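Chain IDs A, B, C and D follow the sequence of writing; residue 1 opens each chain.
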Amino acid sequence: MTSTVLVTGFEPFDGRDLNPSWEAVVRLAETWSGPLHTARLPCVFGAAIPTLQTAIEVYAPDLVVCVGQAGGRHTITPERVAINVDDARIPDNAGNQPVDVPVVADGPAAYFTRLPVKACVAELRSAGIPATVSQSAGTFVCNHVFYGLMHLIATRYPGLRGGFVHVPYAPEQVVDGTGPSMSIDMISRGLAIMLRTSLSTPVDVLLSDGALS
Amino acid sequence: MTSTVLVTGFEPFDGRDLNPSWEAVVRLAETWSGPLHTARLPCVFGAAIPTLQTAIEVYAPDLVVCVGQAGGRHTITPERVAINVDDARIPDNAGNQPVDVPVVADGPAAYFTRLPVKACVAELRSAGIPATVSQSAGTFVCNHVFYGLMHLIATRYPGLRGGFVHVPYAPEQVVDGTGPSMSIDMISRGLAIMLRTSLSTPVDVLLSDGALS
Amino acid sequence: MTSTVLVTGFEPFDGRDLNPSWEAVVRLAETWSGPLHTARLPCVFGAAIPTLQTAIEVYAPDLVVCVGQAGGRHTITPERVAINVDDARIPDNAGNQPVDVPVVADGPAAYFTRLPVKACVAELRSAGIPATVSQSAGTFVCNHVFYGLMHLIATRYPGLRGGFVHVPYAPEQVVDGTGPSMSIDMISRGLAIMLRTSLSTPVDVLLSDGALS
Amino acid sequence: MTSTVLVTGFEPFDGRDLNPSWEAVVRLAETWSGPLHTARLPCVFGAAIPTLQTAIEVYAPDLVVCVGQAGGRHTITPERVAINVDDARIPDNAGNQPVDVPVVADGPAAYFTRLPVKACVAELRSAGIPATVSQSAGTFVCNHVFYGLMHLIATRYPGLRGGFVHVPYAPEQVVDGTGPSMSIDMISRGLAIMLRTSLSTPVDVLLSDGALS
């Protein structure tokens, strides 16, 4: 029986023209063989989670991977943990800028991912794609959606597996050298590897990829 | 009534000769007027937390601030959240290198700090000292102690306030330019500001200092 | 009349398996329409320059572009200036480690490139490829070859145009996140743009791309 | 016979309130025992060099060290080479923004420093102060003054020794974490070490401190 997959990306934010997370998800959908659904989430606190939940309701996936842009990073970074706080350094696309508000009132402080992030990193590297586990998804809409997803899984969809991954800028976003980048093609291939690895790895491998600080 | 304070630093690790966290704590103790106790924690998974707990038992502090070295950072970084995982990129000082083991079996995924980190950052900056809130204390012994402290507070010392702060390398550790640094004198003055701010600020201020990713 | 081009890359060094400069030159040669010759230079002080000179003698090019790896950079960086010093932080591939020795005894302190580096950067960016002018080619074999090339032009081949460009790591060199990278495909397309721009731009454009320090 | 020293710093630029180069020079002058003169140079292309030259005429120094701010660096960086180009990424304090104009028409492409930069770096490190040789002083007013100084030495004051050193931001400039910093006290002590080392070291030591790229 083939597994159904839901992959989400984000609309552009912070005044940019594109978001590599969505571009890569579109590319991925063109090449993935099997039931795969996609959703483009608004970069808006509050609104992003219901959009995600609707997609989960409609598509009834076995696996959900949410993807977001992490400007400044140079590797694909599966996220380890979502924390229960919104703290926006810039306004979101609706002008909201929450500071130190919980994502879910009375929710736990954090949720760990339900993706085998160490196995994903190992497979990405084997394929020649730079990857590292990240210990923080930040406190903006990406972490907000990540926490929202894990809270939905914990409270409503106990059989669902899911998590979040951050990806670098696309080259065309940083032609003047503002930050490092990764081609949409490589990001898209990386996402496919993450999906395959997640579907085939029920229990994560033990592989050191922590941070000293 | 004057509050009693416990401040801890770490012994050197990773083959280094000094740890700026302990150097700064020693300097702080020489100048702080009021009841202040210090403890030097071993950089060892497992052993560090009992050492901390003993100091809490002996000194019965109102406030505990644990300090650690974050090589590569250039600001004083009060930590926002401790996560329930040990994942050691290098061995600790006893040769342990746990991978993806919980700090506390069956403990919650994370604890938020009980220090007013935004107020601390604001006061540090007002004093001319570079400071930012950090969203991750890593997965090595620093996060281990931070999580251990917050778990002790949650389960045994409900009235205790406490948290963790990372500090940069001291200049003498990186004379060849390996990374940025901050003088022990400035770190020590920064710790004093954090103590005073924590003692006088029961509820943290709302001040944006999050991260996009 | 079609111009003849010579493009050089380097062999791997510093214990690595590949050098993206040479990989990209090989890829470039497969797609360039017109007379293009390539040479793979040894990463050896002294020996690299005669190898380059022989290629110039044999192929009699109108344009020479030497390419090298700049680990840590995330853009294609045409170099502005070559300086008359060898100062090796690590041994070269023959075990030489010169310190503060001139490339050419009694040569001038520096030569500026004879490539239109500002026009190249503008065209690269227009094509969606991250690029910036670099003010220093270092003091290792890359700068050595760059200086050697410009000295040959100044003293023996006055009609020849030429210069140097540094390129980032290839992704497969840094899968564990050691540094940023750029795909060999993008580097190769970038080199083609640099060749076309150099051939069609006798006088460089005025475009700010300097450094404050 | 005691040597006379001239040390210069810059006025603030880029909209900032202070320039650590000048703050450190003022501090240095308070503690140096021996004939030391200082000059505060305008951050203006063209005007800065005559101001420097006037100071040389008036004070007749044996040694000139010009100091400038290098935002983003975390070490004291004696500069190895000045290049004959102005290329301003931002306007100077008079609104000038030259692009690819020589500092001195018909001047050589570059001048090497006449300071023993390797010996200076070694002595700074011995004193616990982070230091590295820099291969580029940029293309803004700092490099402009450096080149101007070396051209004056080459053409008018053949017995004069001199060079340039960049210093990090002061902590109070970057309290929000914009970049790394070094205390004015440490910068000032570092400058004193550079003066003493330069006066006592006629020929530089051989010590590897180059850059791969």
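Heads up, the rule we're going with is that contacts are C-beta pairs under 8 Å (C-beta built on N, C-alpha and C of every residue); 3 or more make two chains touch, one makes a residue touch a chain.
Keep in mind that what you see is a predicted model, and the values were worked out from it rather than measured.
Engineer: So if I look at the partners of subunit A and the partners of subunit C, which chains show up in both lists?
Structural biologist: none
Engineer: Centre to centre, using CA atoms, which chain is the farthest one from subunit B?
Structural biologist: For subunit B, the chain whose C-alpha mean is farthest off is C.
Engineer: Would you kindly state whether over half or under half of the residue numbers at the subunit B/subunit D interface are used by both copies, giving same or different?
Structural biologist: Answer same: the two copies use largely identical residue numbers here.
Engineer: Quick one: subunit A and subunit D, Cα centre-to-centre, how many Å?
Structural biologist: 47
Engineer: Go ahead and note the Å separation of the Cα centroids belonging to subunit B and subunit D.
Structural biologist: 38
Engineer: Where the centres are mean C-alpha positions, what is the separation of subunit C from subunit D, in Å?
Structural biologist: The separation of the two C-alpha centroids amounts to 30 Å.
Engineer: Which residues does subunit C have that touch at least 2 chains other than itself?
Structural biologist: Residues of subunit C touching two or more partner chains: there are none.
Engineer: May I ask you to sort the chain touch graph into line, ring, star, complete or other?
Structural biologist: Ring.
Engineer: Considering every pair of chains, which are in touch?
Structural biologist: According to the stated criterion, the contacting chain pairs are A-B, A-C, B-D, C-D.
Engineer: Could you pull out which subunit B residues touch subunit D in their complex?
Structural biologist: Residues in contact with subunit D: 74-75, 124-125, 128-132, 171-172, 174-177, 179-183, 185-186.
Engineer: Per the contact definition, I'd like the list of subunit B residues that touch subunit A in the complex.
Structural biologist: 14, 68-73, 80-81, 83, 85-90, 97, 99-100, 108-112, 118, 135-140, 142, 166, 204, 206-213
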